[in-house]
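Order of writing sets the chain letters: A, B, C and D. Residues in each chain are counted from 1.
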Amino acid sequence: MKRARIVRIILVVLISFIIFGPLSSLVIWSVAEKWYWPHLLPQQVGLFYWGKVFQGRMMQALQVGVLIACVVTVLSLIMTVPLGYVLARFRVPFKAAVLLIFLLPQAFPQLPVFANATVYLYRANLGGKVPGVILIHMVGALVYAVWTMTAVFKSIPASLEEAAINLGASRIRTFWNISLPLAMPGIIASALLIFLYSLDEFTGTLLVGSPFVLTLPVFMYNASQGYELPVASITALLLMVPGIILLLVLERYLKAEYLSSFGRI
Amino acid sequence: MKRLRETSWLIVAVPSLAIVVWLFFLPFIRSAVTSFQTEDGAWTFQNYITAYRLYAGDVLYTIFVSGVSLIAVLIIGILVSGFARIYGGGVVEFLFKIPLFVPFVVVGHAMRVFLAPHGLLNSALAQIGLVNLDNPPSIAFSWVGISVALAWKNMALAILLILGAFESVGDTFLEAARNFGAGWFRQVKDVLLPMSLTSIAVAAVLIFTSMLASFSIPMMIGSGKGAQMLMIDVYYRIVYQHDYGVANALGVVSYITAMGAAVYYLRSVTKG
Amino acid sequence: MEVRVENLSKNYGAVQALRDVNLSFVDGGLTAILGPSGCGKTTLLRCIAGFLEPTSGAIYFGDENVVGLPPQARGTAMVFQNYALWPHMSIFDNVAYGLRLQKLPKDEIRKRVIDALNMVEMMVAPDILERKPTALSGGQQQRVALARALVVRPKVLLLDEPLSNLDAKVRQRLRVELRRLQRQVGITTIYVTHDQEEALSMADQVVVMDCGEVRQVGTPEQIYRNPTTAFVAEFLGVTNVLAGTLTPDGKAVVAAGTRIPLPADVPASSDHYTVVFKADAAYILQDQPTPQDAVAFTGELVEVFFVGSTYRHYVKAGKEMLLVDSPSRVAGPSVNVVVPRAELKVYPGAPLGHDVEPTCSVG
Amino acid sequence: MFRKVLPIVIGLLVLASLLPACGGGGKAVTLSIVTAGDTNMEELQRNTFGPEFVKKYPNVTINVVGTGPGDAGSQAIYTKLKAQKDAGTKTWDIDVAIVHQSIMGKMIEDGLLLKYVPDTSVAKYVISEDAKNALGTNVEGYVIPMFHSQTAIAYNPEKVPNPPKSYAELVEWIKAHPNRFGYNGVKGGMSGVAFVAGYLYWKTGKYDLLSKGPYDKANEAGWVDIFKELKSLPCVITQGNAGTLDMLNRGEIDMGPVWVDMFILWKNDGRMNPKMRMVLIEPGMPGQPMYVVIPAKAAHIAEAKKYAEFICSPEQQAAVIVGKMGWYPGIDATKVLPNVSEEAKAKLFGDIPAETLNKYGLTFPLTPYMQDMNTAYEEAK
């Protein structure tokens, strides 16, 4: 037991270094106003770049990104809550085929497919525009939402609904009065995760939206590729905030099945 | 489960299906079809020949980097999950959940500044005399950097899935082994691991595909020298050379690799 | 191996799972630890096995205090309620596991595994060694689990509700076999159960626990016939538990409207008493006078159930509902429930106010 | 619970449906300026030219989009304009674009550009060779060079006291100092391409042929071998134009090809150690102009012309391009330099004197040659 405690302490220190080491260099760069080699730490530290970031294009990217994420979340929920319910409750024709199509985007690399989707979107004159970015985000979000919604509704015992139908409630009414309120915690949890997915989406936004529609990840990517390291680092720190908040809030509800598609943004 | 015979339920599926079909299923088919076409639409294998000539090494490199990262992730993931399962997770578990919520681009950028030759890691190691800064090892801008970043990002997912599987193994199975003197490692090796193989294989496939398909991380900390990750080649082929034929041929190679991994693992698991 | 527990306590934060337990287990015999779920019996077993470290106290195996030793150094072997056979290993590998960890030669391992499986009568089919545990029935799995425990020749055998996942019929048969086997190998055995019938029928010694404390230790007969506390009395058998109050003169207790003289060994120190008698110890009279050495409760017959071997009568007497088992159906409505004085136990303190439920929330 | 969420849902939906309509609107003109190049190009428009222009024309607001470095940045602009042309859109949503030379061929061929230069007051100053010919495409009338940029070798004088004067000396230095020279290949921005092109000019000695034409694949014999030799040198491959600058500043390399304009900007911003210097080596390295163009169906053609006129006026060129940024002017230098302070001139020609620039400031190869050069570079393993 004592050995386990020592191992645990060593482990925690080591893991903290592994997890926070890379992140700490973001913090240092975010306040570095002047940093020439061979100085190991910045020669001049300050919040100059923080001010710069908050006045510049970043705010615009943030606004656009949040707007896109809101629309994606709402549309995904509207489309997948009924669908998830049907998939969870009924044996219906073509179910396997439908589920297979919703499995595809999980099973294959997105970039080559999205590159071809971009051709379609540009043909429809949606390329480089916010609706186009919303649509490409919807692909990932929908897949994720369909699977979690189905899981959420499956976790509600059918007997609770049968009890209501037994008392004379219609299917629709039962869904409204019984299933939906019971599913609400699950729906809210996955709504938050869809929101975060859209906020963090990179590949699709880069292909479809960039450079005309910039969200925060693409903005950060550009800044990093341009080696504006303080700007990129500040944006990177800002990008982590929603995720960390969600992690703290949702920690208890983070079930593996909700998250399995999440490491793949 | 109630049986509905009507196909009218598809009405609720149509909006979401339409989007996924239009922007994933059809582009997927298109990429496969155009990989066999010239720019003028004639049928050809030329794209694959060019892809093979220019990028055969990159395909192997991608599989190598993804494979190494996957093995690292699995080994660490299994050991940490095993520790957390037997002695309790707590802080360790929480810390490892953090990377799950750090976007890929942020990981790429953070690793680039952290692992650069004169980055924070080398500077810190130089302070305790482990690294000579006049000739520092460049972890970033090499396959090691890509592997480290990919492993860092995917570790959270691996631990989430593996620990989930480990938790579902009852205490008594472990105690029965402890009773005979099985230590921590043997409990993991003899009991937890074999009893969770299916879940671990699923996690491995998910993670491997994700690594194979990684784009922003190798873009930011990969080396311009030598072999490239496959997605970088696809991206450059499209954005710089506007050559959808070869890019799609590479895309098809990546689909097949991803599928191959899935089929191989699922089969070996269900059979063995 | 003589096993003794001295002043053993185990706390989980503020919760006391074991409170100052002192026990000695029959050397080479079977001791059953009986109690409702959450009474601390499993905690005690796991402390002995070494899966839990006690907060304080000592556990002696012979003269050696084993507290602090890892499980494998104690020479115990445990059998679990859910069998805990590793599903990915064959029967042979399961049983051989402990021997392999001891790095015994292959031949010897094989011989001992087959011996152990023979002992539990599991060498039933030629291919049994290669089968996976999931191909076996529950009873068979538990036999294999027993073989896995016995094959390492433990000094102490620990059984954690080993039969409670099994069908009633299989359970009955395995009880007999387990007992026979235990006598044959003569290993000190500690058997945790919540089934009093199991405890009473199998054990040399029964320990009744509640709330992390030992309530009574004795032979099955002593425990059943002379429960020394209200809890033990309540826990064993189909029992009537009545609330009683002391009469002003301090010589008797009134329960269900009937005056019961206070037995000589019960002090008149409490306002409230618990009166207990077993359903099969009482009988029903209608008009006949009450015998001398008995107490009669007057009440109304509410319902009679046929429960197989007897008729169970429900008699409402005052606020209490009395249970009386009787070989024939008695007609009501007004009846007298007669209990011989010797069968009537009176304990100081109010009843716990429940049937056989945990009295405390202990893990 | 759902009843409470419903209004929010509907509200967001309405918002979403209105979103595409929000682009234009309003009486004031929003001029959409799209620029290729690194972020410095974007910031130049957004923070310097834009506000100055708005002071002069208060009814105009400026919206600047940067499309990223290298050919890809210009390609993005082309793709967008082409999509709108193919979709038959009446007006396009780019008013002024600032692009590289390499995209001009396609843009003019597809009829995406307006021949606007003669309508402007600065037409008479647009005299450079660049303004007539972009890598073999006749661009006269379609473009005004906003500025001319040049690549050069930047170095750390502490580590490289005697900088090389030619590619030959540079190669010797690289061999003597493994992994202390870095460039960004041919994928990550044009400074690497320029370095590779200069190497090709040196090895083949065919600068005139490659830069003026005609195109003949026969001239490409032996390229793969030349690049194999280049790739066998112990060089570091950096992450893009800015990556070279960053590694130089971080002391991770001692020398590398850079864009002069970016190098000076980094110094001005304090992002680059002021001690670093540049040298232009023999037989020379390519430079290129950034062109100001106006799409054929720009929504605000009048304002767009005014904007182009404004940023290419001798005053702004003197004040901003040369004076503030320290870059080479895009229009007739004789009309610009007199308005520039001596200090700024000294800065402009500090590391690379005007005569060196005239001698070693080359152009990129013609577009087909350049494409083949990149492919040959990729193929050399």
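Here is the rule we go by: contacts are C-beta pairs under 8 Å (C-beta built on N, C-alpha and C of every residue); 3 or more make two chains touch, one makes a residue touch a chain.
Quick caveat, the model's predicted, so the values are computed rather than measured.
Shared contact partners of chain A and chain D, listed by label: B.
Of all chains, the one whose CA centroid is most distant from that of chain C is D.
Comparing the chain pairs B-C and A-B, the larger number of C-beta pairs in contact belongs to A-B. Between chain B and chain C the centroid-to-centroid distance comes to 54 Å (mean Cα coordinates, whole Å). With each centre defined as the average position of its C-alpha atoms, the distance from chain C to chain D rounds to 87 Å. If you average the Cα atoms of chain A and of chain B, the two centres end up 17 Å apart. The centroid of the Cα atoms in chain B and the matching centroid in chain D are 36 Å apart. For chain B, residues that reach two or more other chains under the stated contact definition are 112, 118, 220. Among the residues of chain D, those touching two or more other chains are numbered 239, 250-252.
The complete set of chain-chain contacts reads A-B, A-D, B-C, B-D.
By the touch criterion stated above, chain A contacts chain B in their complex at residues 4, 7-8, 11-12, 15-16, 18-19, 21-26, 28-29, 37-38, 40, 76, 79-80, 82-83, 86, 89-94, 98, 101-102, 104-105, 107-117, 119-121, 135-136, 138-139, 142-143, 146, 158, 196, 200, 202-203, 217-218, 220-221, 224-225, 229, 232-233, 236, 239-240, 243-244, 246-247, 251, 254, 256, 259-260, 262-265.
On the side of chain B, the complex with chain A involves touching residues 1-7, 9-10, 12-13, 15-17, 19-28, 30-31, 34, 80, 83, 87, 91-92, 94-115, 118-121, 123, 126-127, 133, 152-154, 156-157, 160-161, 164, 184, 206-207, 209-210, 212-213, 215-216, 219-220, 231, 234-235, 238, 244, 247-248, 250-252, 254-255, 258-259, 262. On chain B, the positions that touch chain C within their shared complex are 170, 172-173, 175-182, 186, 190-191, 194-195, 197. Put simply, chain D touches chain B in their complex at residues 70-72, 75, 184-185, 187-188, 235-239, 247, 250-252, 371, 374, 378-379, 381. Against chain D, in their complex, chain A makes its touches with residues 33-34, 36-38, 44, 56-57, 67, 70-71, 74-75, 77-78, 122-125, 127-131, 134, 176, 180-181, 184, 210-212, 214, 222-223, 225-229.
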